[in-house]
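Two complexes follow with subunit A in common, the first pairing it with subunit B and the second with subunit C.
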Partner chain A sequence: MDSVLANAHPEETVFGEVLDVTVPLRFSTPAEEYKAIRERAALLDLSGLGLIEISGDGAVDFAQRVLARDVEYLTSERCMMSLVLDESGQIVDQVVVWGRENGMFLESSCGAGPRLLEHLQKHNDEGVDIVDRSGELTILGLEGPYAWGVVGRLIDGELASLPFEAVVDTTWNGVDIVFGRTGFTSEYGYQMIVPTESAAELWRQSLEQAVPAGNEALEIAMLEVRQPVIRHEATGGVDIIEGGANWLVDITKESFIGREAVLEAFNGPTGRRTLGFGGGESVPEPGTRVLAAGQDIGEVVYAVHSLGLGTTLGLARVDAEFAAAGLRFTVGDAEVTTLTSPYITPKSWSIPII
Partner chain B sequence: MTIDELRARAAQRQQACDQIKKMIVNRLDLEIEPNWITDDQPLFGRGLELDSLDILELYVAIEAEFGVALYDSEMAVFGSVSRLAETIRPELRAAAAV
Partner chain C sequence: MASRPVVITGLGVICAIGRDPEEFWLRLMAGQGGVTPVDDEAFAVFTARYAGQVPTEWITGQLPESDAALDRTAQLALVAARQAVGQAGLSAGDVEADRFGLVLGKCQATPDAAGRYQPMHRTGDVVAGRLGMRGPRILVSTACAAGGNAVGLAKDKILTGEADVVLAGGVDPLLFGTYAGFAGLQALSTGPCAPYSRSDGLNLGEGAAFLLLEPLDRALARGATPLAEVAGYGLSADAYHATAPDPTGRGGASAVRRALADAGMSTDDVSYVSGHGTGTPANDAMEAKVMRAVFGDRAPRVPTSSIKSFVGHTLGAAGAVEAVASVLALRHGMAPPTIGFDADTTTDLDFVPNVARRMPIETVVSNNYAFGGNNVALALTTPGGEREYEELPDRPAVITGLGPVSGLGTGVAELAEALAEGRQAVGRAPSLEGRTFAPRSLWRHMNHLSRMAIAASRLAWEDAGIKLPRAALDNVGLIFATAAGSVESTGGFDESVAVDPNKPAVLSFSNVVLNATGGAVCQTLGLRGPTTTICNGEASASIALDCAIEMIKAGKADVVLVVAADETTATAAGDTVVTPYDRERTGSVPGSAAVAILVESAEHCAARGGRAYARILGSGHAGTGEQGERESIRRSLAGLSVGKAGLVVGAGTGGRYDADEAAVLLELVPDGLLTTSVAQTGDCQAATGAMNLAVAALAIRDGIAPALHGLEHPYAGEVESYVRKPHLSEAVEQALVLTAAADSVRGAVLLGAMP
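Entry: the complex of A and B
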């Protein structure tokens, strides 16, 4: 499935498949786009994120059962991130849950909408209405230390200083949109859910204020702050304890799909853990062995060239007794050092919204 | 460095992180086991979702338990437990540089 904004993007845009969708990978170069994310304001075509509405009398009960975090009191003015797990505790997807008056929107990770929809329909014991709104609604994102300024010029300055994960129903250019302060890169982040017929115009107007960034630069920026990229990390039968995604699960919630398996993994024998490493010139493939003093202790989950660090940055899954920052390992032919998260310090953490 | 030295260095770091997790859970009265918090988990905003009042409480707790005074300008140290550990116990960072 192509981006609904494909015709709004310039000819030189490089598109690529991410799971079940085709999205812009880059508009110019990853370096330029990354710079916009980390130093200015980047505009993101998030049309590859599925948007599924659940509504009806049992919507909250259903959401409580299929989501790993507690959404019982999620109002239409809030959103939050959560994992969706299967019965064996494996990750189906990571979602942003948007509270709505009569239910919720579940925003999938990039390209995972069809898989998420299938999972939700399979578990719909409550008979709630589950509707894929991805075709009629499109998500645009703004991220960067000065993204708040773009929001002010584009829509309303007051929206820029909303608390993290706040949601407002508002209008832009006479069009009803859902606006939320959320994001993936730890910079100031905002998302706009807009009717698809108006998405190209919102994209065009946003471009006057921000630099377009594709999925390549976005995923690099996500890894740099240890924001999970599910399609890379939830592989090889990893459970959430090994993957380190505990923070996307409310284990104090009494019941949800996958809870027993998660608890079993948490209380079971300590296995592997995931941690970041940096160093080396080449980017190792997933599965590359990780050695500690010559001893095989694990493997690379995935790696990129970090533009913020200027070197290779990756995640490795290693025996728990070696899962600590500040150690020197060998990955392929490179000497690497295990790192403390976040691996870069976002500029937004030191820039106030004016 | 030998495998045993690497193992010992990892244990030292993990012990420091465990100590911080226990402090966070106890001081903020969280209903989770300390080791549910991962070393790399974000603390402020997303992740553990601590707010400004929680951070103030932790400033007091860190000074009381570790003798280290932190200030508003050092919010980046709450990027993760592991980052906080390096700030509270700078010898961990020094050891890593060896």
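Entry: the complex of A and C
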């Protein structure tokens, strides 16, 4: 499926497939786009993120069952991230849950909308209304230390300083939009859910204030702050403890799909853990072995060239006893060092919203 | 047509820069601050040592010998209160004692002369007693917004006709524990604070201020000089965080907009803004956003300043101290400066840096923001001439939802079942097992009082079957009623300070303010309408209900949630029995409970097809005086037609006033069977008042009431005059509910069946 904004993007845009969708990978160069994310304000075409609406009397009960975090009292002015698990505790997707007055929007990760929809429909014991709104609604994102300024100029200065995970129903250009302070890169991040017919115009106006960034730069920036990229990380039958995604699960919630498996993982024998490493020039393939003093202790989950660190940055899944920062490992032909997240310090942390 | 103009005719203030309004104003105009290192050596343990202190001789020099034994809080309050009455030229005979009200704002629970905590309302009782005031008496405790809030509520008491003159103000002393709490939050500046420029923290202060309010026509008739008109006021809830302000400034902006709407004015009418200006980065950044949001392009041309740079943050007094400064600014055509302002600060706003400014001032907006996300804005104007006005419209209000949370159970169904079975749960704490009533991320950090109150609120909301879109929730009011707030948090905080003042339990500190629980309810339910917190002991719930009715009458809200909660750390034996109104079985037992009551305009309820329990037919309150309890009860009932009440839910607790109450009630309401919920729950203070309202509403709709099974030797009448079995033999057309804060205030509410 092509981006609904494909026609709005310039000819030189490089598109690529991410799971079930085709999205802009880059508009210019990763370096330029990355710079916008980390130093100014980047505009993101998030049309590849699926948007599924659940509504009806049983919507909250259904959401409580299919989501791993507690959304019972999620109001229409809040959003939050959560995992969606299957019965065996495997990650189906990571979603942004948007509280709505009559239900919720579940925003899938990039390209994962169809499989999320299928999972939801399969578990719809409550008979709630599940509607894929991805066609009629499009998501645009703004991320960067000065993204708040763009929001002020584009929509309303009051929205710029919204607390994290706050949502407001507002208007832009006379069009009803859902506006949320969220984000993937630990910079100031905002998302705008806009009717698809108005998406190109919002994109165009946003371009006057921000630099477009594609999925490549976005995923690099995500890894730099240990924001999960599910399609890279939920591999090899990893459980959520091994994957380090337990912060997206709330086991104090009495019941949800996958809870038993999660509890088992919590209480189970200490297995592998996922942690970041940096070093080297080449980017190792997933599955590359990781050695400590010559001993095989695990494998690379995935890696990128971090523009923030100026070196290779990756995740490794290693025996738990090696899951500590500051250790020296060998990955392929490179010597690497294990790191604590976030692996870079986002500029937004030191820039106030005025 | 506008409502009756209400004016200020007297001012009183004592704080770090003056012992009276004249001295206060001279220092403000001279730019001469009063923040100095704390004299008390005990404070030497803190890195930050500056505060706005009142020299003790300023206090004692203005008090008669008979006030010498009073605690410092009462003394500060009396000094300022007498100044205000004196300036207004109010002499004996100018106002009937029964028509002379008091609304006092306080943030802290303050110690008595012996250093023990005293009831929140005690300071007000002392002032009212000394000045001969027996009219409405309210203790408002919206933390740092309380002083401004008091002025607004005082105006309401005049508009409803309950009082002819109301003294409104605030007071707070400098307390070691509070200082430790702010130090623990890293909120104190190490030197004199610099609001709006350096913004590196606040200074605490102490003081008191009062303003005397009366109707313009009445003031002119007695030859008084109106100093300013209280044109309007606005309240709002952030529904965001326990201590931090909503960074968007939405809550603050909403309060200003409501104040201007109440005053019938526009932002263009505002000449000067008296800011909250604590000097903390979060507050100052938020306030700048409020200015820009409210005034838009005009914001740089609306001067705003903070007199906290002179006096420190006087907490519950701050709003009143600033209101006094605002009135003086209007009178003199001078804007007080923000002192300590760093000249190198780059800003588009005009903070009146360092030097007072002469300028035409017709309207001042005075803003205050508080822990718990409570915001208040006052709109004060130059007094206009006498003019025609309209009384408040008669907008009937109904009770549409009940949320009882007590040892008897949670929710109406469990309560009804417990009443029907005559179950006893005296002193038993409510169980909230099995359901979280808020997002777990919030719930797990909440103290027990907030959990009870939130459970009660959600249950009342669900009981009412009300569903409102997000935009409507922005106008739903929330009135919290509590005698003492969270005993758990207060105890935990005090203990931590006693162990190490530099390691206070900061989470507990944020819950020590009495309005914290109300703020948590707003945050959890997303309510951003007008909000306040009432702390008049066991009478808090009926006073809170009055506030709700006033909001509805004034068109400020269609839906208001009244929530009352109190707790005890005492544990009662499982078989503890209390028998109110029995002369042979005296003694009361404390309990813990929260009760929420959803109040709606009858019109709103009908429009949504809601089903109400009862109509609110009327209410009355009387401050107690030297004439004794029976007279106070009679006066609280004076404005109500209570003769037809078939049920009376009294304020008896097994305490010393049961006999008086029973005697008066049996005389005035001869056909009303008397009962109280206390026999089954124990004395849950403010929550008992609300529980009595709830059981009365339930009796009207479902014909069931608490029975006094153990009553054998009533103080007054025969046992047949009391409810002896829960299922009432006759339908209750009207029910009378009493509340009482011992030696302070008496309340009464009359409920009627739906037509």
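A few notes on this one:
The working rule: the second predicted complex is superposed on the first by the 354 of 354 C-alpha atoms of A that agree within 3 Å, B and C clash if a C-alpha of one lies under 4 Å from a C-alpha of the other, contacts with A are read in each partner's own complex, and residues count from 1 in each chain.
Criterion: a contact is a pair of C-beta atoms (placed from the backbone, for glycine too) under 8 Å apart; a residue touches a chain by one contact, two chains touch by 3 or more.
Just so it is clear, the structure is predicted and the values come from calculations on it, not from any experiment.
When both complexes are overlaid on subunit A, subunit B and subunit C end up sitting side by side without clashing. Contacts of A:G276 after superposition: subunit B is touched, whereas subunit C is not reached. Of the two partners subunit B and subunit C, more subunit A residues are in touch with B.
With both structures placed on the common chain, the touch criterion links A:T252 to subunit B and to subunit C. Of the two partner chains, subunit C is the only one that A:L162 touches; subunit B does not reach it. After superposing both complexes on chain A, the closest C-alpha pair between subunit B and subunit C lies 6 Å apart. In the superposition on the C-alpha atoms of chain A, the part of subunit A touched by subunit B in one complex and by subunit C in the other spans residues 252. Those residues of subunit A that touch subunit C in the shared complex are 70, 72-77, 101, 157-159, 161-163, 169, 250, 252-253, 352-354.
The touching residues of subunit A, when paired with subunit B in their complex, are 81, 164, 186, 225-226, 244, 246-247, 251-252, 266, 274-276, 292-295, 321-328, 337, 340-342, 345, 349-350. Across the interface of their complex, subunit A is touched by residues 240, 246-250, 253, 285, 289, 292-293, 436, 438-441, 444, 469-470, 524, 526 of subunit C. Against subunit A, in their complex, subunit B makes its touches with residues 1-3, 5-7, 9-11, 13-14, 17, 31-32, 36-42, 45-48, 75-76, 79-80, 82-83, 86, 92-93, 95-96.
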